[in-house]
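Both of the next two complexes hold chain A, though its partner changes from chain B to chain C.
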Partner chain A sequence: MDILNALVVLANFVLIPAIAYGAQLALGALGVTLIYGILRFSNFAHGDTMAFGAMVTILVTWALQGWGVSLGPLPTALLALPFGILGCMALVLLTDRLVYRFYRAQRVKPVILVIVSMGVMFVYNGVVRFVIGADDQRFADGERFIISVRDFKALTGLEEGLGIRTTQGLTVVTAVITVALLFWFLNRTRTGKSMRAYSDNEDLALLSGINPERVVMITWLLVATLATIAGTLYGLDKTFKPFTYFQLLLPVFASAIVGGLGSPVGAIAGGFVIAFSEVGITYAWKKVAEYLLPEAWEPDSLLQLLGTDYKFAVSFVILVIVLLIRPTGLFKGKSV
Partner chain B sequence: MKKFLLATALTGLGAMTAQAASHSEMVKVGIILGFTGPLETLAPAMADSGEMALAEVNEAGGILDGMMAEAVRGDGTCADAAAATAAAERLVTSDGVSAILGAMCSGATGAVLTNVSLPNGILQISPSATSPGLSSIEDNGLFFRMAPSDARQGEVMAEIIMERGIDEVAVTYTNNDYGSGLASSFQQAFEAAGGSVTLSASHEDGKADYSAEVGSLASAGGDALVVIGYVDQGGSGVIQAALDTGAFETFVLPDGMIGTALENNFGSDIDGSFGQNPSVENERGDEFLAMAEAAGFDGTSVYAKEAYDSMALILLSMAAAGSTNGADAAAKVMELANAPGEKIYAGELAKAIELIAAGTDIDYVGASSVELIEPGEASGGYAEMEMKNGKLEAIGYR
Partner chain C sequence: MSQSVKTFGLFGLVALLILGTGFVQSWNSALLILNMGLVSALMALGVNLQWGFAGLFNVGVMGFVALGGLATVVIAMPPVRAAWAAGASGVLAALAVGALTLALAVWVTRRMARGWPRALVSLSVLVAGFVIYRALFDPAVAEIERIDPALTGYLGGLGLPVVLAWPVGGLLAAGAAWVIGKTALGLRSDYLAIATLGIAEIIIAVLKNEDWLARGVKNVIGLPRPVPYEIDLQNDPAFVERATGLGIDVTTASTLYVKLGYGLMFAVVLIGVLVLAQLALSSPWGRMMRAIRDNEVAARAMGKDVTARHLQVFVLGSAICGVAGAMMTTLDGQLTPASYQPLRYTFLIWVMVIVGGSGNNFGAVLGGFLIWFLWVQVEPIGAAVIDLVTSGMADGSWLKAHLQGSVQHMRLLTMGVILLLVLRFAPRGLLPER
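Moving on, here comes the complex of A and B:
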């Protein structure tokens, strides 16, 4: 019984939140990694691209809610998601046409593109704040819980409860579907293969007749889709506030680099590594230990490695360790 | 060209003299409240309330032989002391205010006092700053507050919790002057009364997710969670995360958490949670509420009454001192606010001005039953609040 209780506490406070957070990070990191692999620069505007996609989704969600459209137990935002993706696609294609294409034609060094993306980041940042404001926005509706703590306790009779929010379940399911589709696209379709060829060796790809502008466009479309899905899921699960998306940039980049820049599998693994470290290191393990250890060994302290204020520091530390020991990341990406 | 320049300069000069002339017939009072920031839902009612007192004085013919009063608003943001200082500086130097009503939060209030009010020698009354630190701050007698120090609130909160048979709580506080001040005064009082605090942890406002903070609080355990925070900010986020993970069901809510936003956010999900906010039973409190309704704001909003009283005391003390000078007016505040004298309730400012002009002593009671103790702060009456069927209700006074 004690072991079960310990497991439930662990699941409630560590496993479930970390899995949901990891899935959101993985989707974000996939976008970063795709750009790095194909366009060959670190896109600092990615966090704000997520914010923009989520913002369009929220605006459409509000319109749908205003018309009385709903998905029953599921959040209306799912219905609005395709519109958010379209809006985000339009934005990134426009940016590519106006900004990045100019620098691509000049064949500038990647570091210049990084700085350019920072400028784009500030513009996106301003646009989002201008349209929707800098405050918290609530747009989640439908059932809040798949299973609430109270129901779980009544169902199992355990002392500890386990709550799973609808948005957490939704995050994981959507992430799995999105990732599966992405991998199928990259590995099985002609366009996907041409993208990978372009990523491996640009000159060889050009020689074999691959149209670079088409590859770049499709990359942006994929990135917009991933960013909007990640941004909307994060906003649904937590809350939508433009500034938190900007802050999200650090864990997202840490995920992509830990996994290996340019490697899609690595991005996913990296997302979960970062999420589990952030949650695990800042969690106070006292309650779990109380259930598992005999009474005599019960700890007085909280068994917390780092205060919750240092959450962001965790991704930093992991980033530094990975860059020192294994600069190519876990899955042999490109070294930074 | 020369003529043109000369003409422009002359016109400018003329405008300035005209402005100076209009200044002398006006007394301006700066209202610095957190119109944006973590307490933004409370600020409008407070400002309206202060301006209502000001309008009442003007209707009565103003102070000091017909000098009209005018309010100038400034955004103190609550959280950003530098922004509050800048706003106060602007009000004093460019608008020429003679007194400041504000600021809203303790950190901003201390900053405005030290950097602006003190050097310029003007009277400052805060309706809502509660940090114990402000009791001992150097103020040359220029600073008063209508809210009691949190040292008192900590004791009251400890009392209320103990009376409900809860002797083990976890505490989370917003990481600023108000939060840490109240958290430590509460912990002292609670432990002295025989209770124990399992963990006192800070939280940062404005984060997307508080599940990590709630995780460690849940690990520490306790029968209730004391949330010393702001209802428009992290405070609500913490409660949401605690409800989602089932970590706590009962919350103790001090003044920063009492607000209609709490009812909107959680409703009956937190039935049985309780707390307190500064408020004294006032036999004529309904009159203020009716006045507020007529003026178009919610008189029950936290610190709205105190804002009315702050403005009333600022203007009455100037009337009593016979000058708008900060030090002169400040010397009269305690005398007006406390017995002996004829009791003055909200809505009776015209009568108060007459009595002062006639040289009769008054005891200003106002909307919030003002009773000031040294060094110029409210003696500290609290209303005990409880969440019942999704509504916050006052269930008693202490």
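Moving on, here comes the complex of A and C:
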């Protein structure tokens, strides 16, 4: 038995990656949930909105790198992030003006808006691929590790090492700040309160003189901000590829639904539930078991429940279980 | 303009477009567009059955299409005897254990009262079943995949005629649809969308990773064909004589002959399904489906079993997509799981249905042909446009190279714009529901 080493292995391969991934999913799911709460439809274009925001950030990052601007140990992308957010805001506001507003005025059924968002998804997808191509793009720079496996071993003298990448630390810090600001905005400011009022009861909100177009605009601005941050963090941590962002749609939606559509707290909880199950179920537990179990019991198999290619299956199964047992999600969301 | 005149006119336009391709480009590309157009039209009919008749939002078309593709491999490829001897019993036993486990878990949840004991018992049934399943499954799969991995490394199929795979593909898709429908129908429409999106990704993941089943990303090539091979035709003196008699080059004649053969077979299937769908639409059953779609509560009050009808139409529509998928894989002659992309196999089909006119079978078929034609032809047209735009730029400039390299992405953009325009200005499609 060697609990300490087992813990380090667990942290290195499961806890830290899952926390970072969970934070990225939570930011994505917050965007989905906000749109659902205010505009009342499931936005299929959200993955590609994330891709667009990340793309603008990458382009600005490259320009900054070209001029020799850098943040030292931190990735230059942080400096470019505000520009990415602005670009994404311009895009979604333009989309809302050209596309969604027409249907909002007609008060169409939500499912029509879902189909419309499918069209928007095609367009965003095409634009992103047209501008930056369909291939992998790397834009991370600066210090790679906060603490590397080798340093950790030298520091503690343990057999196993614990590596924390800068991007993982950055993801968590940025996500915490973003979520804190978002909740402050929603709960403390007048605009945020009017948004929640609009989400809870549209008619009553209109009666109290809340301007719906303004609420919708603020929502889109928030969504663009969240999507760009989520997209950029995911791209920094893993890699930027337009198709991957499209595929993120499933875990992001799963997070939002598991947490309860329309509930911001739920979106965050859902993001971590999905991330931890994905990483936990596709991780080969052999090494942890070796440290924890007596030698005679050591397993010869990898103790991997599912191959990593089945990670979509994990978010899907959790989604189905939640839908069957508790259709409104962990935190009572809307059920229209 | 009356609807039937409009229908004839629009179908005539599609025919002209395809004939035009034949005259301008080549008859081979025209027939290729026609064949895939037939398959696309069939898929669109399936989606139209679900969305147009019943208002069910299925975005997992890709999964059902891929299951149809799997059927062709399972039915038509010759069996790998050594692999069957080595591991078939193990795999089948493992799958049986898996099915039993699920059945037992469902039975337990049905029989026991709600509460912690029930959750504990069903969870332990699932865990125990999973452990036994993996213990049987893993060694058997390793045995199968060890046999000549460069060429086979899978179980192979049943060695039956490939046309038999079409109905079987439909059955496979129907089975999957039944399972999804049982769980996700009756919930909100968006949830069905997410559920189908997920199941499609899972089916593709299974196809990519379960090498014992259909070789995964190593692909199965050389599927048997229902039509003769070009090379046999070229060596057949009677065919050569007829070709020269018609004044066509023998090689071209053989490729055209093969494609026409496929086209005829597909057309028979499409017309059959179209007639059935048309009869269904005007039957009392079709009226009931539309009544449910338009007002679920009222239909329920009239004593209609809404959930059962939804399940029925969902299974039927998915089965049609499965048949179309099997036909497509037969046409390709190979199963390449990596080529299944949701934008192409799910959302493009949706564009076809919406543009054609949801709720109208002829509309779905028209949309299938028209959008497929555009999907194929947007690339050369886009290239021409880009050439025109960039003609003024200096050779070797960065922007020119970038624009010319991005032509292939014009497709997605165009499809999105078409979908948005149709939704905005003709929300009921080119051929609206009557």
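To be clear about the criterion, the second predicted complex is superposed on the first by the 334 of 336 C-alpha atoms of A that agree within 3 Å, B and C clash if a C-alpha of one lies under 4 Å from a C-alpha of the other, contacts with A are read in each partner's own complex, and residues count from 1 in each chain.
Assume a contact is a pair of C-beta atoms (placed from the backbone, for glycine too) under 8 Å apart; a residue touches a chain by one contact, two chains touch by 3 or more.
All of these numbers come straight from a predicted model, not from anything done at the bench.
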First, second, both or neither for A:T239, with chain B first and chain C second: first
Which of chain B and chain C A:R97 touches, first, second, both or neither: neither
Which of chain B and chain C A:A254 touches, first, second, both or neither: second
Which superposed partner A:G163 touches (first chain B, second chain C, both, neither): first
Touched partner set for A:R214, first chain B, second chain C, both or neither: neither
Which superposed partner A:R326 touches (first chain B, second chain C, both, neither): neither
Touched partner set for A:D309, first chain B, second chain C, both or neither: both
Winner by number of chain A residues touched, once chain B and chain C are compared: C
Touching both chain C and chain B, counted on chain A across the two superposed complexes: 243, 307, 309
In the complex with chain C, residue positions of chain A that touch it: 41-42, 99, 102, 110-112, 114-116, 118-127, 129-131, 133-134, 243, 246-247, 249-250, 253-254, 257, 261, 301, 305, 307, 309-310, 312-313, 315-316, 319-320, 323-324, 327, 335-336
Chain B-facing residues of chain A, complex: 12-14, 17, 148-150, 153, 161, 163, 165, 234, 238-239, 241, 243-244, 278-279, 282-288, 302-304, 307-309, 311
Residue numbers on chain B that touch chain A, as the complex places them: 199, 201-204, 206-209, 211-213, 215-216, 218-221, 237, 244-246
Residues on chain C engaged by chain A in the complex (per definition of touch): 55, 57, 59, 130, 134, 138, 183-184, 187-191, 193-195, 197-199, 201-202, 205, 208-209, 341-343, 347, 350-351, 354, 405-406, 409-417, 419-420, 423-424, 427
